[in-house]
Structure formats: structure tokens, C-alpha cells
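First chain A sits with chain B, and in the next complex the same chain sits with chain C.
Presenting the complex of A and B:
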């Protein structure tokens, strides 16, 4: 508890230092969908009577617009305090997930989990940059935590709220539905298909859809018309804004011909969405693990990632200590991440600060980052698959899972 | 029936003639505006300044051209409208005792090279073919804009050439020559393609007047430094630089132009009257038969400067095009408007009024913050409901 408190205080101290001033517009920590400056702009426009969605600048969801123009003014200091609070809540919720999964409490383990979230540099710097991806992470972990605790309606509401700002999170619905129907306990070592009542599933999905419709209605009320959908969700799906970020999409879309644009949009969207069904089916015995893997997949392939998305995935591995022995290449993954984390800001500065490099440098660094995330994702998937088989016995080889 | 038709016809004719008169009025007013004395139909100025000889000892030709460039820029022609062709780079020549400089007098008072010159054709790019292509506009599609002569039928062009010449030829780069016929034909092509309004051709070489003897296109005023059989001489010789730094004819023209500025009403005739044999040691000539205006009515700034005649009229005095033309034709040309600050103030308040009206209307009608507060309440309300639902 003391460690947790001191980490939060450390986060708060960093937030009020001059460091964040250099980070607000950093394109690795923020994206056009999550940038703090764009949020301020949108709130200003709304408060002065203009339609924030008319200018294709503001791409936050209307719910965030509503929140930050009324309850929470987009003042730096207030937001820094709020963001620290969100981080603390997310860390606590992560520990809570583990508690529900293992059924016990162990303050040492919980401290490790909280520290893995609060000390993760990807997450730390994104939070200092006041990027709303911290808000998304908080909602994601909160939704999973509520689902792990069995609270159906709040979990689905949190997921619906998350989908408003991060469209790809709707892919987390199937595993969360299964999680709500079966429970968070670790069943990786005993992969037996759970018995699920269809009525349960139907009820859950119906609840989610209702909450989605309600929130969409509230968003339309805030925005005045339905134009917000094209600017927020439409931006996620059709990638109109090619501001560089740490993802894999932007460089492709800057250099392709318009003729092939829809084809590539289809391919990239397929990359994001195609893992949902297989992961849910394969890990139906442990839907919490499926959720975790899907978070990793989405963060790897989403259209406007920031560093916080893979950061959450990396921090969440602390919830599954039973799988750590089965990871095949944790050290290379860490090395890849360190490599990418060094190169990304370096090449970004070389390209846009110094002017001596070009966008290919930064793109190469994002590719390395993608390899690092892919390595983490694949390793976690492999560990989850191999867990039932235990440690390889001498003389036996595993032919097929 | 017939009476009805006739009445219609009379009315229609009256209406038509009324409208036509109005239109003709406007047309007349507009063309009168464009043809005032002193402006005479040209709307933009260009300069083509060519130095055709290379090597260190032709330093003075480079200095001639750069001096002309400086004067023309000073008098208002922007770099985008000046084409400078320098066949060699004397400022960075190994023999230049004062590197990165070009001087045009032996007191070395002004560095013509400076920090801000824009040379469009340099070194071996200065060829006869490039010069003729530049004039006629028959250039490769890949040629950059800065190297093109983008003139139109309202452009006044000042063409200045210097180098070594002879009877109806000018030497380029020591290995080829352009003849007077070539330039005359190029100008004729330009006339046919409506690429100039008026051309002022000035040439400073030996036997220079022969170069303009073959022109046959209208609206060309030409002057040269020496007649057939005469050489043109250099003026200043600098012992430290080691070569002559300016030619007599160009030196006379430039010193005459140093005395004027953008608002000057000095005429071409005054410049021609300033030619004298004692100074030039050669007979400078002028050709005016192709030029429609009288040189004593042509301002120096019509060719050497890039002066735009702007008249400021108060916006509330103008109801339509007729009023505007009437006011414009009666107002004296002035380069700076005294009432400008007052007008600006009026304009800016109008904008602010318009702006605030629009804001207020939108703020009241469409995006009231009340809706936002209502939606926030709804969000929290829904969350509270979920807490009690399982």
C-alpha cells in the first residue's frame, strides 16, 4: 500500500514538473484521436458556439467533449491530477483483476502488478502528455475488472463507454461476454469447453447493445447532429488523418495510390478484427486470457495507436504469473522493446527536430516497435496454448496443439 | 393586336438600348481607367539582363549586368520578374582579390554581389539557344518557373545585353554568336504570341547600335552604346582587382538612374539627352520609329521600375462600377494613401461585428451548453442505473 501511494505521489510530482510541456504534442504519445491540444480546441469551439466536428480537427468522442467542457475543465493542472487519479485507479483495478482471478490476496503480488503499471515508461509518458489514451486504458481495465468481479451491467456500460472513444475495443465484447458468463478463474491448464447458457449470452449482448445505443444517443445530443460518427469512428476506420504515430498504418497510407486505398483499408481492418473469433474460440476456457490477448492484438494493429496501447498489454502480463515459465522468448521481446523505445524518439527528433533524417527512419523504428509488440503477443499466445501441456518432458516432443 | 405588339417592341428596344448604354458606359469607364496617361496599358514589368561573355578579364560585363540588376530591383521589379544571365562567376573566381564581391567602381563603394542576388542562368547555361528560348517561351516542360519569361500582353520588358559584339552580332561564351536578325525574329515571335506590351532594348557592346537595326516589330524602343565602326569603352579600372570594372555607357545610364526613385516622373528623353560623346567616347544611339509613344512622355519607371499605380477610394463613396471608374480616373496617382489607417479601422470593426453576430446566433440556437450538461447528467445517471442492475 505504501509503495502504491508513493508511486502515485511520484506520478503526481512528475505531472507538475516542466516535463509535460514537451510532451503534449508528441506524436508517439498522442494521436489525432487522443491529443490534449485537440481536446482543448474542441472544447473551446463548443463553448463558443461552433460545431467542433465541422473542422475535421477534433476527433474525440462527444462523451469526452461533454465531460471536459462541463465537469472537468481542460485546465492543465486539473487534468494532471485527474490523469494521476485515473492511473492510480487503473493500477488498483489491475491488481483487483488478479485478486479475482486467483481468488486470494497477496500484497506483494499486488504491489508488483501496480508497479508494473505505474512504472511502465510507455504508460507514464503518455499519461504525462495528457493523452486520452490513458482514459481509454482506465476504462478498459475497469471494464475487465468489473467483468472479472461479475458485475455485468457496469462492466458492459464501461465497455460501451470505451467503444465510444476507441472503436476497436468493441472487439473485446465476445471474450468479456464469456468472462461474465463463466468467471475469471484461471483455467489455462485445464482447457475444457465451458458450459454457457445461450440466454445468458443473449442477455449480455442485448444489454451491451442497449448501452451502446443510449450512449450514441447521448453523443448525438451533445454534438447536435450525427456528424460525430463520421469524424470519430469514421476516422478510426478510414484513416483520413495521416499524422505520424507509432502504428503501422500511417506510412502505408501516405505512399499508396488512391486507387488502392479501399483495398488497403480492408486489409488493415481485417488484420485488426480477424483475431477476435479465433482467440475467443481457442481460449473459451479462459476468457480473461482471451481478453488480454485481444488487447494485445488490437494495440498492435490499430489505426491510431499511441504508446499507451502496447504499454497496457505489457503491464497486463503481470496478472498472469502462472504463464511466465512458459514464455519462450521474454528476453528478446524486452530487448526489442528497449530497442524500439530508444529508436522511436531518437528518429522522431532526427526527422522532425533536426531535419537530418527522413520519415523512413521513424517508420523503421515503428516497424521495430511492431515486431516487439508482435513478439510479446505471440509469446503470450504460445504460453497460453502450451500451459496445459506443462514443462516439456525429456524424450517427448510436442507435435500439435 | 398590332398595337399591343408595337408597344412591346418599343418597350423592348428602349430597355435594350438602356441596358446597352449602361454596359457601354461601364466598358468605357473601365478602358478609360486602363488607358490613363502615364499608365498606358502595362500592368507588370519584367527585366532580362544578359551578360554574354566569360573569363576574368570580362569582369566589367558581369559588373554591368549586376549593376543594372541592382538598379532595377531598387526601382521595384521583384526577383520573380527579373531574369539574370551571367556567363561566368567573377566573384568566386580564383583571381578575385576580394572574393564573393563584385564592384563597379574603383572606390569599391557598393558590393553588387551582396547576399541577396538571384542569378537564373549561370555559366554555361547562358547560350544563344537558351536566350532565344527564354524570349520566345519555347522551353522544355521541365524548365523551372524561375527560368521562364512569364510575360503577357500587358508586360513591359527591359532587355539589357552586354558583352563583346560587332556588326550585327553579339558573342556568347566565346564560342558562338547571336545575330541582330535572331533577336529581331524572336521579338516578332513575342509580338505575335502577345508576350509583351512594350520592349525597351539596351545594349552595351562595341558597334552596339547595329544590333537593333533589324527590329521590325511594333512597340520597341532601343538604345545602344556605339554606332557601326565604333568601339565602346570601359570606364573605371581598379588596380587592386586588376581589370576594368564598368563600361562607360552602362556607367552613364546607372549614374543617371541613381538620381531617381520609384516615384520619379523622369522621362526616357531625359536619359537620352544625357548621352554625350565626351563621356562615352562613342556615339550612343536611340531607335524610336517602332515605338508608338513619344519618349518624352515615357517614364523611366515604365521600364526600369515595377511601379503599380494604386488609388485608394473610400468604400462608402462607391456604389457601382461607374462611380469607381469616375473616382479612379479623376484621382491623382499616389503610391501611399494617407487615409489608409482610417479605412483599415473601419474595415476591421465591420469584420468584428459580423463575427460576433454569427457567434451569438450559433451559440443561442444550436450548441447550447445546456444540452452538454444534460448529456453529462444522463451519462452519470446511466452509470448509476447500471450499478443497481445486475
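Presenting the complex of A and C:
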């Protein structure tokens, strides 16, 4: 508890230091969909009677627009305090997920989980940049935490709210529905799926759809028309803004031939969405782990990622300590991440700041980052799949047939 | 600083300083008479052959203004009026148009104007930056760098305004051999508050408003587009000359020598079509009407008309004095063709220094006027002389004194280049004496805009607007932001209001004290009236490539500088959207300051509107992708994606077994 408190205080100190001034427009930490500068602009436009969704600049969800134009003014200091508070709550919720999963309490383990979230540099700097990715992460962890606690309606509402700002999060629905129907306990080593009632699933999905429709209605009311859908969800799917980020989409679609653009947009969207089905089926015995893997898959392939998306995935591994022994190559993964985390800001600045490098520098760094994220994601999948077999005994080897 | 007034102006072989000789019927029958000129009486009203009843009226004018830095501003103006003509009602666009018959009015322009039912048109093609600080106000305020086209068209009718605009730009592009057809949706904006018609707009439709309240422009759409990189050259001038009735064979058009014009420090041409609903049928060719001399010095476009704005006195209400009389516009469609150039008379004459320089028409243009164009009813050459009283903006306590000093008219020497026809083949020229010094001409408003930011992701505009007048000026600052940059409206700030440094000629500290509200920046910008038009969808065109229009209302306090700043983000383009010379950067068209305030006209009679001021275009440096990389990127990204997906697929679909090794 004292550690948690001191970590939060440390985060607050950092938030009120001059560091954030250099981060607000950092392309690794913010994307066109999560940038604080654009959020300010949108709120300003709304408050002065202009349509914020008309200028191709503002792409936050109308719910966030409503929040920051009424309850919480986009004042830097208020937001920094709020962002730190969100991170603290998210760290707390992560520890809560582990408690529900293990059914025990262990303050040391909880502190490790909390520290893994609060000290993760990807998450720390994104939070200091006031990127709304932090908000999305908080909602995502909160939704999973509520689902792990079996609170059906709040969990689904949190997920629906998250979907308003981050469209791909709707992919988390199937594992979360399973999680609500079966519980969070670890069954990775005994992969027998508990039976679930179809009517239960139907009811849960119906609740989610209802919440979605209500929130979409509210969004339309806030925005005044349906134009927000094209600017927020539409941007996620069609990538109109090619501002560099750490993902795989932006340079691909910068260099894409015009007549192939729509085809490859479909391919990339399919790439994000398709993994949902096999992962949910394969890990139906442990839907919490399926949720975790899907978070990793989305962060790897989403169209406008920030550092916070893989950061959440990396921190979440701390709630599955039973799998750590089965990871094949944790050290190379860490090295790749360090390599990418060094290269990304460096090459971004060389290209756009100093002008001594060109776009290929930063593109190469994003490819390395993709390799690092992919390694972490694949290693986690592997560990989850081979856990039932235990550590191979002397004279036995594990083969795929 | 005092300006020398020992000036000698020579006109060879005839010297007519401060005279004005008008030859209304320029068939060469009436030789100029000194007594007539001295008396200042209208020359055409007496003597000469009986005036022919012509439908069209053609006049021409050459204005020469020596500049502070030794250069000479030259301005040609050819006006063609088709009497009682009215712009076409757009509701008749579906049916056959009435027959067009013009005498001097260029048919090709008339056809274009009627085909697209254009009420008012302004097209200028300029090269270079007009230096307001050293050259003063231009003769014609339209000095935007590159091509600028703005058109008033009435709504309604079977053809939409958008389609007519598209057709019009293509027609003008064909007529003037300019790349105007690229003035597409990505460059076109519709300012609402700032630009105002220079003529009048006919009312084709019933309005609920009272008859006399005609200041509204309802029913009309303004399309405004700027192409900053379009330069004017011979291929534009040749079709321009073809519009003149005498081509370049006679009249002041003889001086239109592309070799000389396009060697200038600034040059441009303009086509302005306006409509005037004159009270009388008389025209200024038939009865002599003095021209407001301040118009020549300041380039004011404010004339009596139904659509002039501002709470000023109706100029028709009281008889204007002869010096500051406003031109009575005849009813009809008027086409004004202008060519302007700033020439350095020393250029190309080695061995001559600026001190010994004297210029003549011959060395300015390499040609001379040998004969008059017979169809013109009036042809003038005017030279602006330095004023004796001109003292520059002396700091003075009397606020009202400052504008009158600044705007005081310079004396004009008027010549009539009609010599050849009456005196055989004797040449005629205007010569500037070597000792002539030139008054410091100042503009009431100056404007600079610069680009901030060093990286390729973000940047900002810094705009400084100086008001040299002794009274506050209300103005619209218009910024048509191209789609490659997106302004953050929340960053629009009036940063500071500073008093202008007091001029060195100030004999007391009055200028400093005259400034009363030093840090009143918040009252300068009225956000409620600000007009922000973000790029919007229109059928068939992606809003991605639409410009953003900003019309910023500003109140510039007297004798002070207002600094406005606006930040923007640079858009990352697809590699196919970059121009072939992508590293050069993208042109951002100049900003325009359109004052709405009126200032007292010359000698305190009536009011006039200040003319608009342009900034130079800017180059925005955008980040470029590697243009040789499309295949490599597809291969590399594809390989990574295939690797990750393949490994995941492999893990998920195959079974695991433990085997004894």
C-alpha cells in the first residue's frame, strides 16, 4: 500500500514537472485519435459554436467531447491530475483482476502488478502526454476487472463506452461474454471449458447492444448529427490521417497505390478482426487469457496505436504469473523492445525535426517495434497453449503435428 | 526629412505641366489648345465633330508614379463600357441568350460573362511581391502574387453556381493561357464578410427588404481562389492585347512591350468586369468629370455605389467639390483591363547611376506612343508629382491630422499623348529630370505574415498588422488555408498590441501619448464574429482536399501594431498526392486584410474606404515519404504481417504432442 501510494505520488510529481511540455505532440505517444492538442481544439470548436467534426482534425468520440467540454475543462493541470488518478485506478484494477483470478490476496504480488503498470515507461510517458489512450486503457482494464468480478451490466457498459472511442475494442466482447458466463479462474493447465448456457450469452450480448445503441444516441445528440461516426470510427477503418505513429498502417497507406487502397484497407482490417475467432475458441476454457491475448492482437495491428497500447499488453502479463515459466524467449523480446523504444523517438526526430534522416528511418523503427510486439504476443500465445503439457520431462520433447 | 521640390517635368516636344487636355473625339481633328487646357473646361463639350452615338465607350490611361527607391510604377488601364448592358440573369441560362453586339467591348470576354451569368469578375495575374513599405499603395489594390480570381454570381437558375464556376475557370484558362483550371475545389473559398463588390449587383429577384436597403448581397455567391505559383508571362499578355480594339498598334497600348514589362521588379495584369446602375446615361467620356486624385495615389476602390459598406454619408446627397468628386458611373457593364509594372529606369543602362538617371517613356518601355487608337474617347498619360506639402507621417497630437497628411493627394501632371496625328511624325515623350526626388508614399495599413516552426509536423503564422492612421480601423483578415495545413482555431491569439515607434521626424513626443490602450489585446479580436469554414464535403469531392477559410474580425487601434498568431498542423500526404517537385514545398496563398472602416476622404469631404492589403505567399515544408519505396514498403510490411499471422495460425491450428526422443 505504501509502495502504491509512493508510486502515485511519483507519477504526480512527474506530471507537474516541465517534462510533459515536450510530449503533447509526440507521435509515438499520441495519435490523431488520442492527441491532447486535438482534444483541446475540439472542445474549443464546440464551445464556440462550430462543428468540431467538420475540420478533419478532431477525431475523439463525442462522449469524450461532452466530458471535457462540461464536467472537466481541458485545463492542463486538471487533466494531469485526472490522468494520474486514472492510472492509479487502472493499476488498482489490474491487481483486482489478479485477486479474482487467483482467489487469494497477496500484497506483494499485487504491488508487483501495480508497479508493472505505474512504472511501465510506455504507459508513463503516454499518460504524461495526456493522450486519451490512457483513458481507453483505464476503461479497458476496468471493464475486464468488472467482468472478472461478475458484474455483468457495469462491465458491458464500460466496454460499450470504450468502444465509442476505440472501435476495435468491440472485439473483446466474445471473451468478455465468456468471462461473465464462466468466471475468471485460471484453467490454463486444465483446459476443460465449463459448460455455458446459450440464453446467458444471448442476454449478455443483448445488454451490450442496448448500451451501444444508447451511447451512440448520446453521441449523436452531443455531435448534433451523424458526422462523428465517419470522423471517429470511419477514421479507424479508412485511415484518412497519415500522421506517423508506431503502428504498421501509416507508411503502408502513405506508399500505397491509389487503386489498391481500398483492397488493402480491407486486408488490414481483416487482420485485426480475424484473430478474435480462433483465439476465443482456443482459449474458451480461460476467457480472461483470451481477452488478454486479444488486447495484444489489437495493439499489434490497430490502425492508430500509441505506445500505451502495447504497454497495456506488456503490463497485463503480470497477472498471469503461472505462465511465466513457459515463455520461450522473454529476453530477446525485452531486447527488441528496448531497441525499438530507443530508435523510435530518435528516428522520428531525425526525420521530422532535424531533417537529416528520411521517412524510411522511422518506418524501419516501427517495423522493429512491430517485431517486438509480435514476439511478445506470439510468446504469450505459445505459453498459453503449451501450459497444459507442463514442463517437458527428461527424454520427452513437445512437437506440433 | 524634407523633400526637395525643385522638380522639372518635361514633355517633349510639348510641355503641358498641370494641364489636362482632353480629346474626346480622338480622330485627330481637334489639335490641343492651350487656352482650353488652362481654363480647365471640358474640352469635348465644345468644338470638334458632333459626337457619334456609340453604344460602347473606350478610354485608356497610363499612370506613372516615381517611387522612393528610384523605380517607376507604371499602370495601364483600358476601360470598355457597354452602355445599358446588364449581366445575364442566371434563370435564363437554360434558354437561348439574347444577341450580343459590342463595338469595342471584347466579344470573347462578353461571351464568357454571359455564358456563366457572371455579375462581377476580377482576375489578376501577378508576379513578384508588391512592396507596400517602399512603393506605397498600388494603383490597383489587386496585387496578390500569382493568379487571383474572384467572381460574384447570382444563385438560382438551371445551372448551379459550382458548375458555372468550374466552367468559368476553364474558359478563362483557355482565353488567357493560364493554369486557372487548377483553381478547383481545393483552392476555392467563399468569403462572406470581407470582399465586397466593386460595382453593383443587379437584383433579379424580389426581396422582402426595402428598396433602398441594398447593402445586402443575398442571392449572390462569391467564389474566391488564389493560385500563388502561377506567374504571368508573354503567353498571357498576348491574348490580353488581343482584347484591345487597337491591339498594341496604337494608343498607350503601344508601350506594352513584353521584353520591358516582364523585366520589371513587379508586374501583373488584371481583368475586372463590373456592372454599374448609373443614375444618368452620361459617361465620363462625353462630359468631363474630374477624377478623384486620391484614387490615383491610394488605389481606393470605393466609389459611389449601392453596395459600398460603412456608415458614411451618401456621396450623392451633397454636391461634391471639384477636387474630390466621385465619378458618376454610367449604367452598363464595364470591363477594365489593367497592366502594371514596376520598372527600374536605370536597369540595363551601364554607366548611369541612380543620381544621373532620368527616365523617358522610351527607356522605360523601349517604345513610344506614336499615334492614338481612334476609337478611344479619352487617352491620358498622367505622372504623379511629389507634393510640396508632403511631410510624411509626422507625429502630431491632432489625431485627425495624420490621415489627411498621409492621404493628401499628390499633384498630377497630365499629358495627352496626341501628337503624332497633328504634328506629323514628331515623337513625343515624357522625361524625368535627373534632380527629381520623390515623396515618401506610405500606406495607411501594412501587413506582414511569416511562418514559424522548424519541424515538418507543426508550424504557425505570425501576422503583424500596423495601422499608421490616427484613428482605429476595423478590418477583416482573410486567410484561405490550403488543405495541406490544418489550423488549430484554439491557438488563434492576438498576442500583443504595441504602439508604432514614433517617427524620427517627430518634433515632440505626441505620437507616444496618442496611444492610449497599450495592452488591450482582448478587445481587438471579436471571436463571436469570426467566420471559420472548415473543409466540407461536396458531391463527388473529398473534403480532404478542401481549404479552410478564416475570416478574422480585427480592430486595429490607431498608430499601433497588432500581432496575431495561429498554429497549424501539417498534413502527411499520400505519396501520390505530392507534386513532382515535392521537396520544394507547398505554396500558401497570401493573406488579405480588407478594411471596413472608412476614413475621411481628401480634404475632408465625404468618406472613402481603405483598400485591401495582401501579404506575400509562403512556402510550407511538408514531410515527404521516400518516393522510391512503394514496392519495398508493401514487401517489408507484408512480410512482417505474414510472419506474425503465419506463426499465430501455426500455433492455433496444429496439435501439440509430447514424444519420447
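Observations, loosely collected:
What we mean here is this: the second predicted complex is superposed on the first by the 399 of 401 C-alpha atoms of A that agree within 3 Å, B and C clash if a C-alpha of one lies under 4 Å from a C-alpha of the other, contacts with A are read in each partner's own complex, and residues count from 1 in each chain.
Operating definition for what follows: a residue touches a chain if its C-beta (ideal position, glycine included) is under 8 Å from a C-beta of that chain, and two chains touch if they have at least 3 such contacts.
Quick caveat: nothing in here was measured; it's all calculated off a predicted structure.
Bringing the complexes onto one copy of chain A puts chain B in a clash with chain C. When the two structures are aligned on the shared chain, A:347 is found in touch with neither chain B nor chain C. Note on chain A: of its two partners chain C and chain B, the one contacting more of its residues is C. In the superposition on chain A, A:70 makes contact with chain B only, while chain C stays out of contact range.
By the document's definition of touching, of the two partners only chain C reaches A:396; chain B does not.
By the touch criterion stated above, A:300 is placed in contact with chain C alone, chain B being left untouched. In the superposition on chain A, A:50 makes contact with both chain B and chain C.
In the superposition on chain A, contact of A:320 is made with neither chain B nor chain C. Once the two complexes are overlaid on the shared chain, A:360 sits against chain C while remaining clear of chain B. Comparing the two complexes, residues 48, 50-51 of chain A contact chain B in one case and chain C in the other. The touching residues of chain C, when paired with chain A in their complex, are 454-458, 486, 488-490, 527, 530, 532, 534-536, 543-544, 548, 569, 571-576, 623-626, 629-630, 633-634, 636-637, 640-641, 643-645, 647-661. Chain A makes touch with chain C in their complex at residues 25, 27, 37, 40-41, 43-45, 48, 50-51, 54-57, 240-244, 248, 250-258, 271, 275, 278-279, 282, 300-301, 351-353, 355, 358-360, 363, 367, 370-371, 374, 377-378, 381-382, 385-386, 389, 392, 395-401. On chain B, the positions that touch chain A within their shared complex are 359-364, 366-367, 369, 371-376, 378-379, 382-383, 385-387, 389-390. Remark: chain A residues 46-51, 62-63, 65-67, 69-71, 151-154, 156-157, 161, 211, 214-215, 218-219, 221-222, 224 touch chain B in the complex.
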